[in-house]
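Letters A, B, C and D mark the chains as written, and numbering starts fresh at 1 in each.
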């Protein structure tokens, strides 16, 4: 059956309306989680606030379980759901650059946007920086083309690489996540910074 | 006194369900950095047409009279801003302010915020997705790219955390 | 009692999912997972058997005549069970098929009908089911294509 | 009992259930068995070779003819304008996107009556309502269209148009398949619609 978009050829307006609604839900959840606060986000790298890890992994796992169940019930054809393509070098280098950006700016694009939406001036500057970054990438693209498109592996799924069923992998991932949640809360007590956490 | 934030696990579940909905309705994950790119592309397109035509990068976003602004991701990030505002309104967190550690000056915070934006989105373009587009959505569909990007982002952030600790703690 | 109170949210969520999953996996009247697996015999062409050879199958056989009339099957066997194709999933007949253990053989004077019904039943999880037919060369290309010897057309 | 423990337990339980399920990437039938049964027994899912012949000579672009035979067989002879999805690959991932091509009709044919009708049951079971079968397959096509010659004294208007259609289809078929392999291959490649790429991510 699903995804709906593959069943019926949607008129553009409907497709974009869905995009808007999804976006609203996305922004709302991020802001409710407290991702509109750079100090809260940065907290996870210094241990005094690990909300990021909790929200991030809970979300990924919920979506993972949900999609697997839907496909088991025959409601969602996972072969028609986009799977990110794997460019080894690009993913790693890009990831490292993003990490640096994360710790400098205290936002990632998504969280930056919803911080901006509630009037955080630093987030607006971050957004301006983001636009500049995208512009720089576009201009420097010819130089880094090979890096960006090199070592292409296609849309590979991790459970296929490991040769186990998606369900089993999900289970292992969840075990790891549960352990991480526990560690995270221990860390929060160890590196507690009431002076900061009370401000945010 | 502002309202407290939602319980992280609850918020995570909510976010997860939104992601699931995106997969079910549109057969795709969430994304943010892509939207920024399309904004830039359309701005450049409006300012400097000829440059766009010859550039191998920009041209592909305009071929066949495509409008970068009328794009799933662009509309989605509009939604993100709206949703964030909505949430801020209901838990009255709407205030203009520069959030920073008291130990650093506003200018320093803003400079780093700007640099952060530049780095993050540049990296996101390279990795074809940011924390939401590549890491979160990628993990939900079990894509290797998602896990690798996620590890790279958080791993390097932890490494660099020491150098920038003055900004935060 | 204490424990149930303490864990009530947990129990509700897990229970709901568990029940849904059980309904899905134990229900009889639905298609099994993994279409490719249940179509495998047709790719290996191990799901058709000729009238001469079907006797060699082990176990008690159930020959099903999918045609409206019996003239076709009566030439093969007298103990064929007459089940019109359109009522094969009706309670009465489906029970017979489900209860039967041993090979099930589908016969129809229309090859296409038995082929289609075979796929439907196989996807519902019947793995000891065959198509009874004689024209074994049905999927063999019987003709010879003669290219025209005229000078080829300008393209 | 704090929230973390509750959530961890729920997720672990669900994960455990998932781990036990026979999940696999490949697809499963989605329509209800009774619906599928009535669909596969519907006579409108059959097309005669003459109907197909008419589609070919009119080069109807709303119709997609799908050859289920092996690539080798396909290369030697195939119906003009058809694309090749070997039956053994029908259930592979991208074939779904090929059937999902917005055509009003996807017409399956193989040499005979087995593969094409298996394919129809599969496609309909996966909820591709726009799928049909050319009855009798390529054998029937040769019997009726390629070897058609009118015997008799007088010919009615209907027969006349029928035979004219057959003759024209036959001509197209022969021309197409008489091409030297190199040209034919080019033609086939130009006809082959690639599975449409999925849209998503931050690209």
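By definition in this document, contacts are C-beta pairs under 8 Å (C-beta built on N, C-alpha and C of every residue); 3 or more make two chains touch, one makes a residue touch a chain.
Model, not experiment: these values are computed from the prediction.
> Identify the chain pair with more contacting C-beta pairs: A-D or A-B.
Per the contact counts, A-B leads.
> Report, in whole Å, the distance between the mean C-alpha point of chain B and the mean C-alpha point of chain D.
42
> Centroid from C-alpha atoms only, then distance chain A to chain B, rounded to Å. What do you get?
8
> Centroid of chain B to centroid of chain C, CA atoms only: how many Å?
50
> When you check chain D against every other chain, which residues touch at least two of them?
4, 7, 14, 21-24, 26-30, 198-201
> Could you tell me which residues belong to chain C and also touch two or more other chains?
17, 21, 31, 33
> Scan chain B for residues touching two or more other chains and write them down.
9, 13, 26-29, 32-33, 37, 72-73, 124, 128-130, 132-134, 137
> Which chain pairs here would you call touching?
Listed in label order, the chain pairs in contact are A-B, A-C, A-D, B-D, C-D.
> What residues of chain B sit close enough to touch chain A in their complex?
Residue list for chain B touching chain A: 5-6, 8-9, 11-30, 32-33, 35-37, 39-41, 43-44, 55-58, 70, 72-73, 75-88, 91, 93-101, 109-110, 112-161, 163-165, 167-169.
> What residues of chain B sit close enough to touch chain D in their complex?
7, 9-10, 13, 26-29, 31-34, 37, 72-73, 124, 128-130, 132-134, 137
> Where on chain A is chain C touching in the complex?
The contact residues of chain A facing chain C are 69, 72-74.
> Per the contact definition, I'd like the list of chain A residues that touch chain D in the complex.
1, 6-7, 9, 54, 58, 61-62, 65, 68-69, 71-72, 74-75, 77-85, 157, 160, 165-168, 170-171, 173-175, 177-178, 181-182, 185
> Hey, which residues of chain C end up touching chain D in the complex?
6-7, 9-10, 13-14, 17-18, 21, 25, 29-37, 39, 42-43, 48, 85-86, 88-89, 111-113, 115-120, 123-124, 137-143, 145-148, 152-153, 155
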